[in-house]
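Take this structure, written in structure tokens, and hold onto it; I'll ask about it next.
A, B, C and D are the chain letters, set down in written order, and residue numbers restart from 1 in every chain.
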Amino acid sequence: MITLGDYLIVSGILFAIGFAGVMLRRNLIIILMSLELMLNAANLSLVAFSRFRVSPAGLPNYNAQVFVFFIITVAAAEVAVGLAILVALFRARQTTDVKDISELKF
Amino acid sequence: MSYLELLKLASTEAVVVVTALVVLAIGLTTRREATGVTVATAQGDQNVGGSSSARTNAICSFIAALGLAIAIGTALMLPRKATLFSGMLVITPLTSLFKIICMALAFFAVLLTKSEKSLRHPGEYLAILLLATVGLMLLVSSEELLMIFIGLELLGLSLYVMVAFDKTDVRSAEAGLKYFLFGSTSSAFTLFGISLIYGMSGITSLAAISEKLATVSVQPLLAVGIVMTLIGFAFKIAAAPFHLWAPDAYQGAPIPSAAFIASGSKVASFVVLGKIVLVGFAPLHGDAAWHAMVAGWSPVLAALAALSILVGNFVALAQSNLRRLLAYSAVAHAGYTLIGLVAGDREGFSAALFYTTTYAITLVGAFGVVALVRRETAGDDFSNFSGLISRSPMLAGCMSIFMLSLAGIPPLAGFFGKFYLFSVALRADAGHGLLWLVAVALFGSLISLYYYLIVLKVIFVDEPSLAIASSPDHLSPDLLQRIAVAVLAAVVLFLGLMPDALAAGLLAAMP
Amino acid sequence: MSSILPWILLLAPLCSAACITLFALRWKALSSFISIMAVLLSFICSCLVFARADISAPQFGWIDVAGALKVPFGLTQDQLSKMMLVLVSGVGAVIHIYSLGYMRDDEGKSRYFGALSLFMFAMLGIVVANNFVMLFMFWELVGFTSYVLIGHWFYRDAAAAAAKKAFITTRIGDFGFMIGILMLWMATGSIVFAEITPRMSMLTSHPTFLTVVALLIFCGAVGKSAQFPLHVWLPDAMEGPTPISALIHAATMVAAGVYMLVRVAFVIQTSQTALLVIAWIGTITAVLAALIATQQNDIKRILAYSTLSQLGYMVMAVGLASNDASMFHLFTHAFFKALLFLAAGSVIVMLHHEQNIWKMGGLSQKLPITFVTFVAGALALIGCPPFSGFFSKDAILALAYQRNVPIFAVGLFTAFLTAFYVIRLLVIVFFGKPRSEVARESRESPAVMTGPLIVLALLATLGGFAFFARRFLALPIEKEVAVFVPAVAIVALILGSGLAIVLYRNRASEPLDLQLLRHKFYFDEFYRWLIYWTQELLAGVFAFFDRWIIDAGAVSGSGRGTLGIGALLRLIQIGNLQAYLFLFGLGIVALIYFAVFH
Amino acid sequence: MPPFLFWLFASLMLVFGAAVVLNRNPVASALSLVVSFLGLAALFMSLDAYFVGIIQVLVYAGAVMVLFLFIIMLLNLRAEEGRRINWLAATGGIVVALILVIQIFSVIGHFQAARQTFPSLERSTTDDVWNIGALLFSNYNLPFQIVGVLVLVATIGVVLLSKREPR
């Protein structure tokens, strides 16, 4: 049978993949996508916990699902703002590569 | 829970939101006129557009300041104690006090905005500033993880926009991007941490979590959850090694944004960080004593503190731009403040809050001076400050008060803050276990003296460079802003002489 | 008997400083007038306070954080502080008046007097503080105002550098001081002197703790009183105006360290180890400074090193557990050192700011009053009976003889050296032939400068006699050895003076050449080297770290060109986001490791 | 849900998640992202969270992916051709990510509850829209309204930042 641990491990791996993308990729759009992966990893573990902690009425713990609902909304807003900053930067610099974004330095 | 009651208890937030909407509306309507004029006269568009935007700026700033003043009034009338939705909105003397402090800091940021000429859309900017203030207030006043997360995100999104706001400067967008990437990565970590904590305790209200954790045995998974949750706050307070965005954001952002990040955002983050660790994770305190470390959050915070103090102070030595210098010193000061939380208990918390509040006031003032100097000399490198004493003795005097307070020279607020913090840390542990941390902090502040004195040397001793001396609009007195800076300097001095005024209030307001 | 006099004498200089900075910066005459009136008021109040047998000042609660930390704002009024009040305000008043003449044509006269008033306030604050927090606050304020005063001529690089050096060096000691205060507070739960004293018995079972606390507190004095190894700032502080040198060196800033040690003797004397360390630090400072002084050529620097040396004596006396001897020497030293500096200032001004002693000579005829007063001061300094210095130095040497013979031997040698370099100074400056144009054309100073000299000369001559000094402070009790010690001291004095006269009579240049001493044992060079290398090393490590990590993210070639500046920056590639994020991740992983797996 | 379906969807999600990170072409990455989220939505369904699963599909496949594609088209981005991979940085990043995975693995291994299966439910939760809605408008009323403010901030920010300004 599938245990809680299986879900948690899958979620952890997804989180790590997302984080690896943030660290490795130089393309800002892909970095943003990787961020989405990280947020959704958290969603997965929240939903797994929600299902795991059944309420006395015999239903999943809906608090966590509401949490997920909020996270999805916030994540969408965040990605929109991120992309807007990206567009603003692209207008100024003609690049989406993080390597070219280093005017501010020591 | 009726909406009326909710409105009553959240009246402060409501007033600020409404003000933000009004300011936004004014900003949108007045700009349309301006663009009409611009199309009509191609030649004079810079002038007309500029003056119109300056007028909009003045009106919007006035309304924003007024709204904040009203909101401060409503905050004073809040009930002494109330809890809504199992901790999502908590009203205690402490939260009311910090709501007021946050709004006061926002008030000064609004004043800074007034003279910022490069902002093309002052209405929108101020609206976002006010909404960010709402985020601060929610952070301060909630004791529930979901609400804290949403507060963090509201604050974060507003700040990302505020940092990237200045489109005339490419560095602004770059700073915004860096801030955004770090912010959203760390909030992803925080979220993952929260999900683990939820999984262990089955609940998101801090008080209930604390009860739950007291009965459960400590699991490594929970420790990972706590560390990941703390990362989001370590980012917000710019503790090393999560500080790398700070120098770029401080330097590239429009000055009011930078001042707001350094002050309001930091104060609120410390309040909520303190609540999380001292209320929510209280059973997992651990021990940060040098020889007897016990796992928990306090050794984690102690490590962050020590690293921040060392990195912040050493790297600050090498700076030649005042805003970057302030950023690195902010890293170091975040480290000092964390010491109070490491010490734990209410005294440690109140010492940390006292320190961070005085620090925020000092930094807003310093940024005020930077803004004025930048207006006159179009830059904020050290060379722009050289010989400030001969150009404006008042600004030079205020700046020296701010710098000396940051360096911890009595009788300024920074001195008492440090003294309070260190003494609490030393008393917290009967075996002087935190002595090592205090020693690191003292060593760090010894180093910091050097670069603060360099700033003073630049201001008082160096000859003003020629290009600046002959700058055309060098006489453009912005009286309001100068008064604001002077008031802040007076507050720093006052809090140094009469720290009781704030410290006793803080301690009394502690739960 | 409660009285507000102590408050008046403390606040008068503060009001003066505030008035000057706020309103009177433009009017030089007015600001000097305000400042002098304030210090005279302080002096008169001090005398009145001194004259009353029992006096106490109303006390205010200052900081009270819910019982956790309680700091009153109260004024100590015991014999010790009263004496210091009279001394500080008296010497301060003399120096204020003298400054009128010395700073007559200075551009920043108002600033000078404003800072001088603030300095007086801070110094009086140290004297009357009744708890550690107040003491520390005024202590730092003294440090800061001395920074302003030493750097008064800030446009001279040397002055700015000296000011910074003084500030930073004393701060190093202050950090130890602050930790000591915190530890003491932690152990006893109070920071008020009077409350700690009875609680010290609680701590006697922890001798190591007490020793550490005592030594940390002593660190403060090491910085402020310029003891070895933090002595380097004091000679450089000579870059300030001469009245400031007199003020800092005579009765105030440097004496503050000694005064503080005496004030907290109840802590220090609980640890024998700490006392021994203190005594030896004092001794080392005394002999080291005296050795260096023998090879200096700048009149003010010689006096500065003599100050160091005399401070060494005082600290030595503290270390030998005799507060009385220490304070007695502080008392006499205040007069003769102020006198020597002011007399030197008179010489310097009349020679158009010439400070090299080899450019002087034969001044005894040109500046007769200055000469006579200078001789009085010099004789007091070398401890020639019956001048004041004789009595106080003799008391310390007698003490050392009783308690620690090696220290006595070194002290005696220092007395010999003192006589040597002081007489050398006298001979070169005032006798022989004028060795420069300015020296030939000099004439006597105005009365506003010679007046204070005469007053101080009288005090320096008479200050040591028991009938005079006893009114002010408790004199150390002389024991039977009293015959032997003064005898050898006088022999050392005669030897030293004789050697100096033989060596330097009618010389036009330095006959000795001792590089080690001339370069002050290379302390400055050593510190500069040390600071340079630590700084370089640390900065290097951090820069390396940053560049290495960041370069690692940037070695790959660049395709498109972006901006002009970008091309240049790409060579260095700092500020690379990817590297930042990598560091971020490394931090997280390390933190989790630290918290969970450690 | 039978275990093999769980592993199928989980590996679908992880493989396409990795594809997001590894793809050179942003368009391909965006499409991989959608597939990955479809797998995630299926996992949500397997956990009886139907509403969240559907929202996931709607928001991500419907809105976020479109937004990504729109921006990619708008900026006319192509694959990063001609850019060599910086192996040092790549190894560093991968090592850190691997360490993170190992840490999570070992920590979950120590977690007792992780070895338990999910308790059974009293009844089917296909009507969980109603449950979540009721919670949203009662207990979670305040955050719900605040999220409205947050979306307002995002709207203002996006409009201002992405607008083309006259020089």
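List of remarks:
The working rule: a residue touches a chain if its C-beta (ideal position, glycine included) is under 8 Å from a C-beta of that chain, and two chains touch if they have at least 3 such contacts.
Values in this document were obtained by computation on a predicted structure and should not be read as measured data.
Where contacts are defined as at the top, ignoring chain C still yields one piece in which all remaining chains are linked. Set side by side, the interfaces B-D and A-B show unequal numbers of C-beta pairs in contact, with more at A-B.
In terms of their C-alpha centroids, the spacing between chain B and chain D amounts to 31 Å. The centroid of the Cα atoms in chain A and the matching centroid in chain B are 26 Å apart.
Averaged Cα coordinates give chain B a centre that lies 40 Å from the centre of chain C. With centres set at the average Cα position, the gap from chain A to chain D is 5 Å.
Annotation for chain A: residues touching 2 or more other chains are 8, 15, 18-19, 22-24, 26, 43, 48, 52, 63, 66, 70, 74, 77-78, 81, 85-86, 88, 93, 101-106. The multi-chain contact residues of chain D, meaning those touching 2 or more other chains, are 83, 89, 92-93, 96-97, 100, 103-104, 106-108, 111, 114, 139-140, 143, 147, 150, 153-154, 157, 161.
Touching of two or more other chains is recorded for residues 146, 150, 153, 157, 160-161, 164, 167, 170, 173, 176-178, 181, 185, 189, 220, 223-224, 248, 318 of chain B. Residues 82-86, 88-89, 92-93, 96-97, 99-100, 103, 106-107 of chain D touch chain C in their complex. By the touch criterion stated above, chain B contacts chain A in their complex at residues 146, 149-150, 153, 156-157, 160-161, 164, 167, 170-171, 173-178, 180-181, 184-185, 187-189, 191-192, 194-196, 198-199, 202-204, 247-248, 251-252, 318, 324.
Chain contact summary for the complex, chain A toward chain B: residues 8, 15, 18-19, 22, 28, 31, 35, 38-39, 41-43, 45-46, 48-49, 52-53, 61, 63-64, 66-67, 70-71, 74, 77-78, 81-82, 85-86, 88-89, 92-93, 101-106. Only residues 62-66, 68-69, 133, 136-137, 140-141, 144, 151, 154-155, 160, 164, 167-168, 171-172, 175, 178-179, 182-183, 185-186, 535, 538-539, 542-543, 563, 575, 577, 580-581, 583-584, 586-588, 591-592, 594-598 of chain C touch chain B when the two sit together in their complex.
If you check the complex, the residues on chain A that touch chain D are 1-10, 12-21, 23-27, 29-30, 32-34, 36-37, 40, 43-44, 47-48, 50-52, 54, 57-60, 62-63, 65-66, 68-70, 72-81, 83-88, 90-91, 96-97.
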